[in-house]
Amino acid sequence: MTEHVATNETILVVGGGISGMTAALEAAETGKNVVLVEKNPALGGRTSQLYRYFPKLCHPTCGLEINLRRLKGNPRVRLLTLAEVTGIEGDTGNYTATIKIHPRYVNENCTACGECERAVEMMVDDPFNYNLSQHKAAYLPNAMAYPQRYVLDPAIIGTADADRAKTACKYGAVDLDMQEETIQVKAGAVVWATGWQPYDAAKIQPYGYGRFKNVITSVEFERLADLQGPTGGRILRPSDGKEAKNIAFIQCAGSRDENHLRHCSRICCMASLKQTHYVREKYPEDGKSTIYYIDIRAIDRFEDFYQKVQADPSVSFIKSKVAKITEDEHGNPVCHGVDTEGYKRYTTPHDLVVLAVGMEPSVKGINIPGHIVADSSGFIEADPANGAVFGAGCASNALDVNRAVQSATAAALRAIQVVNKVAKAEA
Amino acid sequence: MADIKVAAYICKGCGLGERLDTDALVKVAQKDGKVPLAKSHDFLCNAEGVAMIRNDIANEGVTHIMIGACSRRAKTEAFYFPENAVARANLREGVIWIRPDTDEARETTQEMAEDYIRMGCAEVKAMTAPGGNPVTGSSKTLLVVGGGVTGMTTAIEASKTGYPVVLVEKTGALGGWASKLYKRVPVHEPYKSPADTGVGELVSQVLGDSNIKVYLNATIAKTDGAPGRFIVDIATESGATHTEDIGAIVQASGFTLYDMNKLPELGGGKSPNVVDQAGLEALAIAAAAGDGVIRRPSDGQPVKSVVFVQCAGQRDPTGTHLAYCSGYCCNTSIKQAMYFKDANPAVDTTIIYTDLRTPGNGEDFYRSAQEKGVNFTKGKVVEVVPNGATSTVKFHDLILGDTSAAMADVDLVVLATGQVPNSGVNIEVPAAPAEAGTVEVKPISILNLTYRQGPDVPQLKQGFTDSHFICFPYETRRTGIYTAGPVRRPMDIAQAREDATGAALKAIQALENAELGRAAHPRSGDLSFPKVRLEGCTQCKRCTVECPFGAIDEDEKRFPVVNESRCRRCGTCMGACPVRVISFENYSINTVGAQIKAVDIPDEFAEKPRILILACENDAYPALDMAGMNRIEYSAYVRTIPIRCLGSLNTIWITDALNAGYDGVMLMGCKSGDEYQCHFVKGSELGRTRLSKIDDTLKTLNLESERVRDLEVAITDIKRLPEMINKYAAELVAVGPSPFKGF
Amino acid sequence: MAKHEYAFYPGCSSQKGASASNYLTSVEAMCKTLDVKLTEIPDWNCCGASIGYAEAGELPRHVMNARNFALSEQHLPGQEIVATCAACWLGARETRERLSHSDTLMADTREALKEAGLIINEMPNIRHMVEVLIEDLGFDEMKKYVVRPLEGVKIAGYVGCQTNRPFGVDGESFENPQYLDKMVEMVGAESIPEYEQKVTCCGGALAFSEPEKAQAQIKDIVESAYDHGAEMIVTPCPLCQANVEIYQGHVNKKYGTKFNIPVMYYSQLMVVAYGGDAKAAGLNGQVIKARRLEEIAAKPVKR
Amino acid sequence: MSANTAVAEKYRNNFLKEIEEQVEMGDWVKMCMQCGVCSGSCPTNFQSAWEHPPQELFMMIRAGKREEVLTSSSMWNCTSCYNCIVRCPRKLPITHIMHGIAEYAHRLGMAPKMQPTRFFSGLFWKNCTNTGRVNELKLSMGLYFKDGFVQGIKNGMAMQAVALGLVKAKRLNVMELFSGHKCKDQKGIQAMLKKAYEIERSRKAAKMAG
């Protein structure tokens, strides 16, 4: 929060999701200075877009609140939002990162009073809801947003809306002349916690994502269930807004597939088991879930969560990779395939199909400076060749939240080891 | 106490100026709040407004600050005065944003704001800025219990970070389970073949590190003290005891394989040719030492066919065996099957599984095994029948639907039995009295803590010492003591090493903060800590029993002894204390009590009921805030006070409120029970236990039970809370005004 | 000298008097307009098709195709091989892939070819005619020659299997390829992109051996086109064309339907759109007559 | 001793190995993870159930169910639509494996004798390799008469309309029966194929010996 000067004893954390925040806070609470870089206008990352966590069915924003409070009270963390690391020069203990900061068009005077939002008319897609809904072009990213500061969508710059926003703000917080800037930050070590992105479901052609409105992804489903989501927590299907009560969950949508992602994304089985709970929660009488799977991977203590769901009569399990999805005249997605346990053919219509899409590391495609060693799936491997750039969370492996936080904590220590050496040398 | 100067600042921004009579608020602060200095400002959180406050601190000698503006969760950068006592009166999210902007609402809205100003002034006056603990321990040494991969990794990583380590291993050698492995599952590309365990490398690193002191054949005889100042007695084989000063502890006591003798139906203990995964590793090591051929234990004949039985005694819903999945066994069996295939492709290896669980790149390892000709069969093994040197494995083939499938003449059967944590004594289960004639097997304590609440770290229902938090896996209930590796969750070597590294950081962080007197998670950095006015104490032991973190011991006279560096500042002790002698500098019976009393209670004819809300600051209060941000209206009759945790709820607050003429009290705390969401683990549960007795109080006051309402709240209840509040307000109207008004 | 030149592999069904002779007719006319020169591979032989598997075995199948490669290399050096038949194209391409990935297979093949006094040095590219049209010419080029747009004709693009899987046309999806729809638009007719049976299998060779199985699939294919209001079906595959066209009678008998939908080749549509007459378009080759096209083909060309 | 008993002897209790060595693409069978996408993708499977769909055949092979697999009519249901191939998450060339197993069963003489597709498949190959090019008329006639003369006439009548239609459309030439299309270098083709079979046989034998 304060603008301490970054030195070789500073730790640069890239990514403000739960892994990045954890790494930053654990390091800061151990007395290290940290620069935390987030590409979105607010912290929180993907977990903040989830309705509930497995297996406790508690709410991610609960932990986010604590982490934000830790951050607000800690002067050692310097936060840069709307910022992207575009390059890292140097070597272990002595890096210089180039960071591109996109204009927010709103400065620190913002009180989040919301006048600008009321003033503007233009609507833009809301990425926090995976574009299932729209919000004003002057917006607070979400209710938990930190920094608690509005953002102007670049689309309204130069329009009358922009001026409306500016005049609406009594506090001179709207600054339409803000420009993209590039800064350089020194750091002794880097924690790379850029997380994951859902695999592009449209690439899984037989499932018709993009062709059939009522075939959606698991991350989108989280938004439908979320009380703060586009439907206020009601599970309504996209095509006609009808209540979706008979829902199919398709496992390994992209994962464990050499045509898509080679690896198993680990979380999808648990995510779908969790999501059957949403169906039951919203439609206690007539909600119905069907899980199509190859192997249910409810690993370690999660097993009892699996057993609970198995005991639920409203959930059925079919050991089968769905071959293809078609759409019937009512707009219902129809799953075609064979239940491999005893060879039973099925052609089953559902109200909604949820694809449990796999995890693709966000580092994939991004050229991490210094040619970071990554595995065949693009996850950063622990390798001396990476110098003092340490992968954390889902940038390093397909992990659930708990393991991601462990990984981030470990990465923080590795970074601390480097900056401690630097400190010793400089002392 | 030191002379204080309180200043009240009232903001007119964000519509406060338009919606409220801020001049009146200033007067209220002066008259009722009795503050010498009260000002209003058009835009308090901007540079100029903050400068004004700083200036008053510097030049007017202001020590205590009451800010009447937005929520304490907002504008934290601007209103950051770590040196001062600060109270925030939430006029924005708490008043104007939850009230309609109408003329009829104006009066009640103003009353609401004025009360919050009164409350803020009263609170801040009752506070002092925490001075921190003058007596803190400063040991920088880590104690690591357990010399397996996890323990060794912790030691090495801590040492690398510059901290001395004492490592205690109960056996005569380092290495633990991993040292009994022939090879390990690969952790780097390509994930195709078993890799060296690397244990030798770790052992020599530990032994070669002058910063790591190793005790072999040693156990922990006694652990006394607190983070930063643990005093640990280490008992060695020779009977000698060594005492070490320790800053923080990592418990890496590992696991024991589930006993296959409990699985006779699977041939466990029935034949030397039925082994568990450890048994197979031993055979593989023996083979590697010899001609490389894995041989049948019974007669030393080369193994030509081997069957791996997955989930042996695991994933058992009946409760007879392990209910959980150990996670690593699928990869391990794949690895062990490769031992055979890599040596001789002609050996038949079959893995019988129900769900194959190879997450992440394990999928490559699985594919590689198939390429090598390992046969995978989806089925449930019903029985393993040893007959002579071979066995018959009877199973239900789930794909071919064959309930009586069988594999005959199997030379070797490997049972994947899974991990049982070595977590020591389960302190929450009272040791059952030994039945006559039976020999009582007492679990051996790992840490032998001298804590009032027992010798070991609390356990979860399956015996693991995991934290039950998803976002905060390291937050155990014993500050400065972290568990790592399979003792807290079944895991493989790769995860254990990651876990160990994370635990090392937490331990280092704990001892560093202990020295500075700073609290650990979740109130990280909090310098306040509970102080006990012993002269008032009745030695009732509530505090020592209830503290969720075992922070409070008892001295020989049964007086509580607070170990502040074990304390998490939840205030449960304060809530528990019947004589109210426990308090924090910035949070006490009084800081809350004073606010309750500061509220102006209209008489019963005004028909303006008053409802007190005591809301958990972690979940309920943010939810109310967000209701405000969403402009969701709720009753103008509520007055909300954030509390650290429902566990810090002292029933005196309720009695005071009711005596003062409040018509009702609403308590908002997090979910308790097995799936608790309380950030202090047991806080909300203990608070509720206390509440369960409130009915007696109500009876003695002869008040209706409706006057007190407990609400389980999640941070997402943004729409629900206003509904509940309004519902409750309506109910109270039906119940009628409190008889205590106007006294 | 023509804009594009290729070694041509017509395949058995496209020969005179064979089941797809009208395909050949229209392709010849189409290529004339587009200035594409096809030189038939001298003495080419059957690809073996996928159905030959029971007797064929692996090597003999590949050797059959390799012979065509060798002949092409010998007589039309440097030219890519173009097939109009899906099965020919697929069979040849499969052989190409396998030989290029297995030295043993390649060696064995060479050894066998010797017996016929032939040799392969390098692997030729195997193209399907639609690939040539889309990739080498492009829709804009093809559109240029449209002088008689097939206005108001609604046509279902039936891609089928073997031009689509496992290789398919570059950039197209297996489940919802769109090039036929684009071609239909290109000739000025009305496409049906949402035609969901466009990649359903017509039953292939089972149409002969197990008609009832194949005909069940053919019914789905025709029915869906009918439901979408298609006046005709267009396809790039001779076997698809034959199966879907000639068994409609059987389907009607079996299912009590009244289907009578002409099944055309893309090349026939193009020839008509390019101003060719019914004969050039091989319309006389339709078992189910394409009246609408005949009418259009009879109209004078507006220039 | 018959070809069948010979291999059966050689690969006792290891049908998987037999398939791997004797069947085209057979070494892929072990890579199946039983997801079932192939079974669900097969068009004929939904018109009329296969006795055993591909993924089940693979499991049966691993379970050593030799007799059931090789005598099954399942593989002969394949229409070569390649749906399974493009969808298989393990990239198994399922279509070719199906053909391979069928061909092997046929080679061992274990395939169901009158399985129509088996018959037609053989017929087609003979037809096209005979002259180097397919003679569609002979091909169809051959098929109709597979169950004897009378049945042949019946089948012929059933197909009469179709045939006439084709003849009218000049897409079926009655003269084919007598002459028909053919390659010039038929001798070369025959020699070439003879050699190919020779090599293939010796390779398979070598595997069996080795």
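For reference, chains read A, B, C and D in written order, and residue numbers begin at 1 within each chain.
Criterion: a residue touches a chain if its C-beta (ideal position, glycine included) is under 8 Å from a C-beta of that chain, and two chains touch if they have at least 3 such contacts.
Everything quoted here is computed from the prediction, not taken from an experiment.
Asker: Write down the chain pair with more C-beta contact pairs when B-D is set against A-C.
Answerer: B-D
Asker: Which chain lies at the heart of the structure, taking centres as C-alpha averages?
Answerer: A
Asker: Whole-Å distance, subunit B centre to subunit D centre, using C-alpha means?
Answerer: Distance between chain centres, rounded to whole Å: 64 Å.
Asker: Cα centroid separation between subunit A and subunit C, in whole Å?
Answerer: Between these chains, centre-to-centre, one finds 47 Å.
Asker: Would you kindly tell me how far, in whole Å, the mean C-alpha position of subunit C lies from that of subunit B?
Answerer: Taking the average C-alpha coordinate of subunit B and of subunit C, the gap between them is 67 Å.
Asker: From the mean C-alpha coordinate of subunit A to that of subunit D, what's the distance rounded to whole Å?
Answerer: 50
Asker: Tell me, which residues of subunit A touch at least two other chains?
Answerer: 206, 256, 319, 324, 340, 343
Asker: Could you pull out the residues of subunit D that touch at least 2 other chains?
Answerer: Only 33-34, 55-56, 83, 86, 90 qualify.
Asker: Multi-chain contacts in subunit C: which residues touch at least two other chains?
Answerer: 174
Asker: Where do chains touch, given as pairs?
Answerer: A-B, A-C, A-D, B-D, C-D
Asker: Report the residues of subunit D in contact with subunit C in the complex, numbered from low to high.
Answerer: On the subunit D side, the touching residues are 24, 43-44, 47-48, 77, 79-83, 85-86, 95, 99-100, 102-103, 106-107, 111, 116-122, 124-126, 128-129, 132-134, 136, 139-140, 143, 161-162, 165-166, 168-173, 175-176, 181, 183-185, 188-189, 191-197, 199-200, 203.
Asker: Help me check something: in the complex, which residues belonging to subunit A touch subunit C?
Answerer: Checking each residue of subunit A against subunit C gives 205-206, 208, 211, 324, 326-327.
Asker: Could you pull out which subunit A residues touch subunit B in their complex?
Answerer: Per the stated touch rule, the residues are 1, 18, 25-26, 29-31, 53, 56-67, 69-70, 72-74, 108-109, 111-113, 140, 143-144, 148, 170-171, 226-228, 232, 256, 262-266, 295-304, 307, 319, 340-343, 375-377, 379, 381-383, 397-398, 401-403, 405-407, 409-410, 412-414, 416-417, 420, 424.
Asker: Which part of subunit B faces subunit A closely enough to touch in the complex?
Answerer: The touching residues are 13-15, 43, 45-46, 70, 73-77, 80, 157, 160-162, 187-191, 315, 317, 323-327, 353, 355-364, 398-399, 401, 460, 462, 464, 466, 468-474, 489-491, 495, 498-499, 501-502, 504-506, 508-509, 512-513, 521-522, 524-525, 618-619, 622, 626, 629-630, 670-671, 675, 677, 679, 714-716, 718-719.
Asker: In their shared complex, at which residues does subunit C touch subunit D?
Answerer: 12-13, 15-22, 43-46, 48-60, 63-64, 67, 108-109, 111-118, 161-162, 165-166, 174, 200-201, 203-206, 208-210, 212-214, 216-217, 246-247, 249-250, 284-287
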